[in-house]
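Heads up, the next two complexes both have chain A, just with different partners, chain B and then chain C.
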Partner chain A sequence: MARLLKPFEYFEPRTVEEAVQLLSKYGHQAKVLAGGTDLLISMKKRKITPQYVVYIKSIPELDYIHYSQQAGLKIGALATHTAIADSAIIKDKFELLASACGKVGTPQVRNMGTIGGNICEGGPSQDSVPSLLVLEAKLKLISLHGERIVPIDEFFIAPFKTALQEAELLTEIQIPTPPPRSAGCYKWFTKITTVDESLAGVAVLMLLDSTDGICRDLKIGLCSVAPTPIRARRAEQVLRDKKIDNSLIERAARVAVEETSPRSRADYRKRMTGVLVREAISETWQKIRQLHLRERA
Partner chain B sequence: MKQIANFIVNGKACELAIEPHMLLVEVLRDELGLTGTKQSCGIGHCGACTVLIDGIPTLSCLTPALTARGKNITTIEGLAEGTRLHPIQKAFIDYGAIQCGYCTPGMILSAKALLDRNPNPSREQVKQALSGNLCRCTGYVKIVDAVLAAAESMGKEASE
Partner chain C sequence: MSQKLSVVGKRIIQPDAAAKATGAAMYASDLKMPGMLIGKVLRSPYPHAKIKRIGKSKAEKLPGVEAVITPEDVTQWKPFDRGLKDLPMIAGGYLVPPDEHILNERARHFGDAIAAVAAINEHIAEEALELIEVEYEELPFVIDPEEAMKPGAPQVSDVAEGNIGKHLSYPFPEGDVEKGFKEADCIVEGTFSTTKQEHCTAETAAAVAHLDVNGRINIWSQCQVAHMARREIAHIFNMPVSKVKLMTPLVGGGFGQRGSVCAEPICIALALKTGKPVKLEYTREENFTALESRTGFKYNLKIGFKQDGTLTAMQVYMLGRLGGYMGCGPMASVIGMVFGLGHYRCPNRAGEADMVMTNTPVSGAFRGFGNPAMMWGIEQLVDEAAEKLGMNPLKIRLKNIKKAGEIANMGLRLESTYLDECIKRGAEAIGWKEKWGKKKEGKMRRGVGIATMTHCSGAAPLYLDHSNAFIKLNEDGSADLTVHPAPLGQHIWGALSQIAAEELGILAEDIHIVTGDTDITLFEYGSDASRSTYAIGSATLIAAHQAKEQILERAAKMLGVSPDELEIKERQVYVKANPKKSIPVADVCYDAIYNFKGECLNISGKCSWEGRWNSSPTGAFFAEVEINTETGRVKVIKFVTAIDCGKAINPMTVEGQLEGGMQQGIGYGLTEDYIINKDTGVVESDNYDTYKMPGILDMPETEVVIIDKPDPKGPFGAKGVGEPGMVGVAPAIANAIYDAIGVRIKDLPITPEKVLKALGEKSQ
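What follows is the complex of A and B.
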């Protein structure tokens, strides 16, 4: 692999408008650069050799984390993994997202890498995505022609191929507040060391009725076990509107495994999916029961 | 085409004309002669190229230099005052936390960022803060010991 980059022309817009103008002018020869922790590696490997690089981190209006009960959580595309993992409000109300971002790479990678870059890279193993899938995040995409909102489960098309169009910029991730008495978690297993990408990642979000112990809603998001991050919708059905017990959790985990289609190390990834789904649901179930107990106390 | 870039490197303002594809590690080493910053894996795993940009540990091998315009950059050369070593540097020597030395600059800068933010870290927090810096010869025990010792000596210095 080359350690140096091939020459390119460099732009540093200060506004979203300026950025999308540049992207539209240079089309497929241009590439957006945020934290660079994915893009620069692809450029060094000569997988991507853009002629024009549009660096967006100098656009101040894209780096924020806002929350209100009504509007939910709004994260600017440039928020770093460190900012998200350390955010008090995200740790409190969207803990599964904080732990996913806290898992990414190393401290340096989290300081540099953005959530927007994680989503737009569009690979199978983007760690923030399972949590965003179960939280039903929406993505705000802006181009010269205006803005559109795309639900995240419609964003991933094929490995490294997303719904993002050539001259479009992801500007914001919008996440509704989960219902009260819901809880979730993100569980993962890495390939070898903690710096490695996930072998399998599982996010779970559950809503449990405290009066009868019935699971009113369950969402399961997976990464690294299919060509794109996916929801395990059939496994979700196994528990929805049922009274949870260990054998049902076991069954949901088995169904989730059937929903995967890993591109490599299939046997290992499938087994680990089963383990992680079981653990994630059990842990979430525990969390909710504790929440209920605390409420009653 | 070259563009003009102004940086503050180790407290000193400098102005350079650089090609957009030049990485920060190249500019520091080849243009400014600050060879303390090491280039190793080139793909963000090892942390040898770590520098502080506005106090934040950053991989200079994945940073086009132009993106650091106007920023405060601290490299390992910026820590000692003349011949007086920074307490973290001194602790690394005292605790035998250096062998080949290749990871040391990045390791010390990650440690400095931690101690600047949290002067009194737990052992676990030190390990966490250094988890993006690989060492292939000392093992990490002495390094972690050194950082904890530096925290203590800096605390004493501050209260004197």
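What follows is the complex of A and C.
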């Protein structure tokens, strides 16, 4: 890895419009710089050598966390992992996202890195993504031609390849409020040490009927176990509309494992996916039952 | 030896601590000189390739580039041995031939140096590298030592026929191992393998060189053996030693990697070509691939025991991977056998090693040298035998450890050992009695394990063990101590100050260390083999003693008594029988320097010290681990190191050494793996994103138990403590894992996959 970056022309647009104009003008030769925690490494490794770098942290209106019951959660693309992990409203209502963002990198990386950058990097191991998948987040992409809204499960195409077009900018992540009496969590194992990339990450969101204990909805999101982050849709089916018990959870975990296609350390990753899915569902199930008990009390 | 000590044994803050904590301290990488150029090295992307052609004109034409050098530009300089092991080793008896050029026409490993540039800044230097056109002819390569030994394997080196770099034997064989195994009631054996751990020094390799107005090479070098590096540099560049001035700045970690020459030869070549000062600072990736890392072994070990646990025989055959050049690697096998086979009392011992050349980055010295590798297997087999014999692991060790006066690992007298106390007190600290051998159930299982070791204080009698110290007293009663250890972060300046101050009866802060310049310092073998405090400390003590005698002689005259009636305490010379009668040390020194009575003397002392004995530090390591049987993950819950390092000159730095050793040892045991792609020969773990050292969150609760009993030979009873801290960590963890889940992992590192696999096999 080189220590220095190749020369490039650098821009600090003040508005989204200015930014997308630059992106549209320079096309594939331009790269968006936000927190820089992924981009600068790629540039030092010479994997990317952009001629133009468009720094967007100069656009203050992209850094926000807004919530209302009706509109749901809206996160500006520039919200840092720290801001999300520490946000009272996200910790309260979207805990699985708070814990995923709290897992990313180190405190320094979380202070610099943004959720928008994490998503747009498009790698298989982006920690924020499984939670966003199960929360059914939508991404607002802006270009000179206007804006479009893309559901996050349509965003990831291949490793480090996303639906984001050349002159588009991700500006907002929109997350609907999960139904009442739902709960979720994000669980992961790192590759080797405590502060390390995820070997496997699993987000679960569950809706349970308090009257009959039937699972009305279940979503499972996975990262680091396939070319892109994925939903384990067949595993979700195992529990949906069923009365949950441990053997059913085990079965869901087994099915989830079948849905993975890890490249390196494949056997271990598969096995650990099973452990994580089982633990994540069990933990969520416990949380939900606690919730119901509290409601009754 | 019960001496009342007033400076030695105190937890003094090190002289350079504040500068390091605030960032003011200057390392090689901080050095700047007027007109200084920046050097960069072009490295082979292939494990084995012939350089058919190098086009350098494009790079040379880039404005700001001052030199581009290729293998043909350095032919006037001599090939060399990077490990500086071209001196005879007294036991083991081998020489390493010069097998490497400053730049090489045939790349022998991924990361081998092919060409270099010097430019006015780093940016241009990096750009220039990309403009150098190299036409490589890829050659067949070999990564694995066993493959390399097969007939028809690609030849790695011109100096190692059949790729056998060296075949070496254990230098202290004893008895008859065949007979010993016949006498044994219980024989345990196994094949163990260890890894190419990387040193991960905080500072990467760096050097600054220039040719001064007198035509002398000035080189700022991090080398741990400064004077020997000066000699090697003079040899390479066809200069007399007097034409090389080597300076040692603060060094951001050595751990043995800086025991070899690193960035110096290329840096000097660029300085000589350009006639300007050049700085060459390696990237982290270069540190991983261009320099030596720990020698990895695969070895067969066999140990015999009597029914009562007495050792009857030990035998090992080691296969070691050297890499593209020989470096310090061969010695790792000899030292491993010396420490491993010499640790316990055993009447029949034998060992052989084949050290094999491969197309991989070079192997060499790393904290503990071969000791951690050998104890990895020995301490696991001792536990295995204990189980077979129905003995407690503590008891079987207590039965076989040596006593003072026996022959120690290095073939000399074992001057002192309190390993029995280390075992007992360490066991108490980990809670052995309550925790070991208990029935384990459930998903999370805990266990405790032990490992022990013996190390050295210096290289005697295997290698040159020559140290020097010079001390002079200033007119204010302070002293300048001239020594040349490598300041690697081990706070050696503080330890030597404490030794000198204790002897002189002044304070540690009164000692000023004069160091880091071969023009000024006397010959110093250097800082390796856990020798600085012991060997340089011994020289310092004797030099200080000479100066003290001069102080006493002159003070006696001034006070009108005889010298033996005096003592020095806290900067003051007292008449022992009448403490009211005294004179400040400063007054004595002042009177000696500004003496108008015809008796001028700068009070001073000088010692050339050569190790004729070698006090072995010993230690016991205890791990408590928790294993998740579902994931195979091992967490170290608590780690205790109980150390017999003689008298601790400064307990705070002893603790620092041992805690650092735990971190390195846990990395060696659990997390660190140097991965070379078998198909491409490319090093895949060449930075901290892929090569994982344990971080602060991976560290257990730590406890250091210092026995603190003086050794009869070391300065104020001190023994070496630099390397011991990591020696027994990995085997203690392995033994704790066995206690927890009943499986043995014999190849490093202990990964979750290996644990799960072993658990699976066990349940079948």
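We take it that the second predicted complex is superposed on the first by the 297 of 297 C-alpha atoms of A that agree within 3 Å, B and C clash if a C-alpha of one lies under 4 Å from a C-alpha of the other, contacts with A are read in each partner's own complex, and residues count from 1 in each chain.
What we mean here is this: contacts are C-beta pairs under 8 Å (C-beta built on N, C-alpha and C of every residue); 3 or more make two chains touch, one makes a residue touch a chain.
Please read these numbers as outputs of a predicted model, since none were measured by experiment.
Contacts of A:F189 after superposition on the shared chain: chain C is touched, whereas chain B is not.
Looking at the shared chain after the overlay, A:L33 reaches chain B, while chain C stays out of its contact range. Using the contact criterion defined above for the overlaid structures, shared-chain residue A:T49 touches neither chain B nor chain C, since it reaches no partner.
Within the superposed three-chain model, A:Q21 lies out of touch with both chain B and chain C [touch as defined at top]. In the superposition on chain A, contact of A:E12 is made with chain B only, not with chain C. Between chain B and chain C, B touches the greater number of residues of chain A.
Once chain A of one complex is fitted onto chain A of the other, the partner contacts of A:R3 extend to both chain B and chain C. Of the two partner chains, chain B is the only one that A:G105 touches; chain C does not reach it. Using the contact criterion defined above for the overlaid structures, shared-chain residue A:M272 touches chain C, although it does not reach chain B.
Comparing the two interfaces of chain A, the one with chain B and the one with chain C have residues 1, 3-4, 7, 194-195 in common. Put simply, chain A touches chain B in their complex at residues 1, 3-10, 12, 33, 36-37, 40-41, 44, 53, 55, 57, 105-109, 111-112, 194-195. Interface residues of chain B facing chain A in the complex, by the touch rule stated above, are 1, 3, 19-23, 26, 39, 42-45, 47, 50, 56-59, 61-64, 66-67, 69, 110, 128-129, 131-133. By the touch rule above, chain A contacts chain C in their complex via residues 1-4, 7, 189, 191-197, 265, 267-268, 271-272, 275. Chain contact summary for the complex, chain C toward chain A: residues 122-123, 126, 283-285, 630-631, 633, 671, 687, 689, 692-695, 697-698, 752-753, 756.
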